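As written, the chains take the letters A, B, C and D, and residue 1 is the first residue of each chain.
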Amino acid sequence: LAFGSLPTGAHNAITDVPGVRVGHVTVWHGAPGTEAGAGEGVARTGVTAIVPVGADEGLLGLFRRPVAAGVAVLNGAGELTGSIEVAEWGIIETPIVLTGTSSVGRAYDAAVDAMYTAGADEVVIPVVGECDDSWLDDHRRRWVTVEHARAAIDGASGGPVAEGVVGAGTGMVTMGHKAGIGTSSRQLDGVGTVGVLVLANFGAVGELRVAGTLVGPTLRADRHASPAADDRRERSSCIGLVATDIPLDARQLTRVARRVGLGLARVGSVAHHGSGDIFLAISTTNRLPRHAAGRVAIELLADGSLDDVFTAVVDATEEAVCNALFVADTVTGVDGHVVAGLPVERVIELVAPAQR
Amino acid sequence: LAFGSLPTGAHNAITDVPGVRVGHVTVWHGAPGTEAGAGEGVARTGVTAIVPVGADEGLLGLFRRPVAAGVAVLNGAGELTGSIEVAEWGIIETPIVLTGTSSVGRAYDAAVDAMYTAGADEVVIPVVGECDDSWLDDHRRRWVTVEHARAAIDGASGGPVAEGVVGAGTGMVTMGHKAGIGTSSRQLDGVGTVGVLVLANFGAVGELRVAGTLVGPTLRADRHASPAADDRRERSSCIGLVATDIPLDARQLTRVARRVGLGLARVGSVAHHGSGDIFLAISTTNRLPRHAAGRVAIELLADGSLDDVFTAVVDATEEAVCNALFVADTVTGVDGHVVAGLPVERVIELVAPAQR
Amino acid sequence: LAFGSLPTGAHNAITDVPGVRVGHVTVWHGAPGTEAGAGEGVARTGVTAIVPVGADEGLLGLFRRPVAAGVAVLNGAGELTGSIEVAEWGIIETPIVLTGTSSVGRAYDAAVDAMYTAGADEVVIPVVGECDDSWLDDHRRRWVTVEHARAAIDGASGGPVAEGVVGAGTGMVTMGHKAGIGTSSRQLDGVGTVGVLVLANFGAVGELRVAGTLVGPTLRADRHASPAADDRRERSSCIGLVATDIPLDARQLTRVARRVGLGLARVGSVAHHGSGDIFLAISTTNRLPRHAAGRVAIELLADGSLDDVFTAVVDATEEAVCNALFVADTVTGVDGHVVAGLPVERVIELVAPAQR
Amino acid sequence: LAFGSLPTGAHNAITDVPGVRVGHVTVWHGAPGTEAGAGEGVARTGVTAIVPVGADEGLLGLFRRPVAAGVAVLNGAGELTGSIEVAEWGIIETPIVLTGTSSVGRAYDAAVDAMYTAGADEVVIPVVGECDDSWLDDHRRRWVTVEHARAAIDGASGGPVAEGVVGAGTGMVTMGHKAGIGTSSRQLDGVGTVGVLVLANFGAVGELRVAGTLVGPTLRADRHASPAADDRRERSSCIGLVATDIPLDARQLTRVARRVGLGLARVGSVAHHGSGDIFLAISTTNRLPRHAAGRVAIELLADGSLDDVFTAVVDATEEAVCNALFVADTVTGVDGHVVAGLPVERVIELVAPAQR
């Protein structure tokens, strides 16, 4: 399946943007049939950390020279800590950590720990995003620890990114099927790279569109999807992160972040009332020193050249969600909840006529 | 072609919402080949007015009991006067007038005239939206007068709504083809009616998706589209108006308005840098008296029931844009610019495989 | 009276920012006692235009190289056209025109005329702000014409700026006293100049604070103020414009604009429900060509050096409002409405003890 | 000193709003001269929790029937978790917890714990605000634990509220003097009660205004203030919380929250670049069930009656900050940093002439 005509990067991942690293810690244990609160419990959750600077530079480098950032909200039934500072200062000074809703505090604490350990000598405001994985995870048991989140941050690396049922994506559901982490990238010749990573946990099965074809109703009729999972629209969510090495400022990145929602729409999202559709965009270029003062010179891509960036974001977002869906296998979690993996062959069959 | 599974209203138009009226004035004259500024000039422009109260009540009724409203901006390279007041007070107290970019002042003036003539005895802030029709219209000649705009307001009526090359849509272009005014509606059983009207003037031909199928590249290869028109992305736009009789407040209507962008995404929009993608939603129910004071009681649809409204908006928006495209015929305007009507049979042929 | 410790510019006016020009047209006629709608009517209104580029460059220069801009709303019961584009693109490409509420359409139309006359060959979206002068002006007579507004734009000049009962300020009222146009400026040594211009038309007499001293209640007891004028809080307003030659981008200018509200608070404003407290900030430096593409280099003042700019804006705003109040004489308008000028000697007497 | 003419509530505290409870936990130990990181360390920090429902109802009642809420940001160099959800849904479903910047994650975790312990069976998004207390506190030691924050929540009670150097206010500094927690309330006859609580940690000594009189420069000349503390503007902050039993909806509460900034301006704030001036307003009335669906009836105070609420908020905010300053004694913290208490008698002497 093709999602637009722009070429992808080497790994078709957010890590194609130079310096961007991703780390996953999956927290998984317990017999899937177990009821919530019973026995040793069922963990289907985790943490994914995105570090926007290379390992050579490390977190102290990020602290000293934050990356430019912008945030956009399509539907705000969710959390992205740090978003107020991003909106005001247009920067991010910590890793970006994704996890299940009930683990935000610990991921936040871990990010502070990581920054202090790296040598940050002033207070920091980390960026932590969440989706609700409580359909599969016995969330009130609070499996994720500060150590888990630290391990995700400390283990972040470049190169290929694991997708689907991994890290923060472990317990996530999209359009009635198992999903989670998805990523994709686009190359703009002579301009730079655009990478997108989503934590996909949104929508109802009847809404699913793959590469333009509305497959949801057929999958539902086929009983391929998980109807009960489909009813848990309340507190669904999709966090979308765009990274680029194109020199953009905070205003431009806010505009870029807003386009993630258009990619979700292509997959069928109408942005449910209960969904936290929250998007962040960062540029790894043109970073200013933490305490810059007086006049500074920066270089930017002019607004008049943004359209290709917008197209790259929409295409890569659509593909990232599909990647999460195509890769994720069926998961059984707490209370015997089963969320089916997407029946990929059936979907390909349904989509094929429109692709000719 | 079906756009979602919800039933449409009687006219599949914004006027299916009780009391909502639409008026068009088309301003058209001059030999199409004429250069800008030469001779008597070429007019391909007009005005469309949406009056959110019935003729029995009239503008004075609207002044005395404004309708609830919310506004959302996907890309703000355009104008919707009154949007600051909508964001603060959550109401609209005048007709909503759409026109070409260079005629906003006159449409605004006409709305003030209309309100004063109707008996408004305080100042008002009208809502006027625009798209740029200067590819076809000799815009610097400023054809639209206050009288034209008054006539659109005064002539607003219920029932079927003319679409395509009419009123404010006269000179508009979408995805390289002639478009303009489009409208559609959805019925939510036992809840109410949702109507959408768009002034469609956005996108590039290669981006066009109809009912999920990406037809743009084929149409471009077929040379069915207007390549030159396709290059005028700067200052394209899409104003989208949602009206409903479901009792919603300003916060909820802001959320509703935001969903118009998801409908545009389905048609292929990535919200170009130069596009004014600005959306307004109004509820004709629960109107408070202009000088209400003390405690007032209102009734609302709870947030938990909004998802169907969101679906209705996205589906109706997608259909409204397609209606504008399917109805509009080829237009030749100033400087010999030709904008082709959509080759409907060819599109149906392209879309058919995916519809089975 | 001193408002902060920063030095003012040569004219203590927004025109101290190099290139910034101001033009006023006052529309005044009719016997003051006349009832609304009777006889030849009573005009107490006008237009003020701020042109952010020098006469040598002219409007075409502004069109070709817009100035950077940001907008902020403290209370949005008013209108500033163009604000959606300012928020998205961060620029202004036309003069900024202020007038009475019912004249916005004509001022808008005049700004379009002026730009087209100057040679602009694309559509433009002008910036027009308003306050409600209908307490003194027989507003439904619509005195202001397109020609008046054009004259204000065309007549804009540098140097000293007339304040009080002039231009758009002709019919305005603040804290129960006659006010209107006020301006002030501050010099930041080695950094640049900050100028503020307000169209002051807000508040109730009991709220007035001058240089920190609450003088309102005493003035009310003295019967120095106009109690009836004090009751017209509905649709009061204050438009505040900041101009600077300090190189700032749109995000920074949005932050700068937000500080105007803190200056109004010092004068006693609580931002009434009916007030359009809308602020704009522009930087005349670092202007990019209209169709800039690819990479561009710009220079900015770093965020870490903004505090002095913020102080300058708050101090100059406070002084600008006081200037409008101190200069404006008593005006009698339509329906025999009298709005008293501030009793300056009495105010000085009241304020004196706190100044020692 | 009088701050406006409206009467205060019984305790002149946010707890005058029926049902609102406040809990403090102060974390204080270590010899004040100790260098950062050395020995057992110096703790000058804490937690303050505001619970917007009565003890009889408890947190489960809050979970089941959230309170209406609105958020506003004057300068966003800070954090208020949950703000995205407040902006979208207009509600708060957890306690509001304030603490030092580096403790946000733990306070967040504690609020989740508290809600789950109380019986919440779905994920929640807590509201946690912060100011930077690292001038006095050896912040990298991370003194605040989840247990501290739980104790603040669990210990919340009605009645008088401790102010100054207590709870989250323990390490805070305002205008070069020791400050922290301050609160005040106003009664609107026949309408309801407005309470404000601030965590005050902002501004520079030269800016301080008390009851309108600029006292900062004199205090600085007197060497009463702490010049070093004055230089730590980076990462200062003021979180302001408004609570009321007046029935207001989310849009109205957003407007109410915005007025807190005007109260800060009266004390001299220009909202420094490094300040997190973030405001929240809640209404304890008209709470809807968590899963409300279909049509619901609510009662509201009409917008036309909001002006008195705005005045109450501005007056109470000004007084709350002054209360924090007047009550707080000198504190010596890490690295031998001393922050002087306000010399109250001297201030009264300076302010007196203007009060006659």
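Keep in mind that, in the parts below, a contact is a pair of C-beta atoms (placed from the backbone, for glycine too) under 8 Å apart; a residue touches a chain by one contact, two chains touch by 3 or more.
This one's a predicted model, so the numbers in the text were calculated from it and none came from an experiment.
The chains in contact with chain C and with chain D alike are A, B.
Distance between Cα centroids is largest for the pairing of chain A with C.
The distance from the centre of chain B to the centre of chain C, each centre being the mean of the chain's C-alpha atoms, comes to 33 Å.
Chain centres here are Cα averages; for chain B and chain D they lie 45 Å apart.
The residues of chain B that reach two or more other chains are 75, 88-89, 234, 255, 291, 303-304, listed in rising order. On the chain D side of its complex with chain B, the touching residues are 88-90, 247, 249-251, 255, 288, 291-305. For chain B in complex with chain A, the residues that touch the partner chain are 5, 74-75, 209, 212-214, 217, 233-234, 255, 258-259, 261-266, 269-273, 303-304, 306-307, 310-311, 313-314, 353-354, 356.
Taken in their complex, chain A has these residues touching chain D: 73, 75-85, 87-89, 100-102, 104-113, 116, 121-126, 130, 132, 134, 139-140, 142, 234-235, 276, 278, 291.
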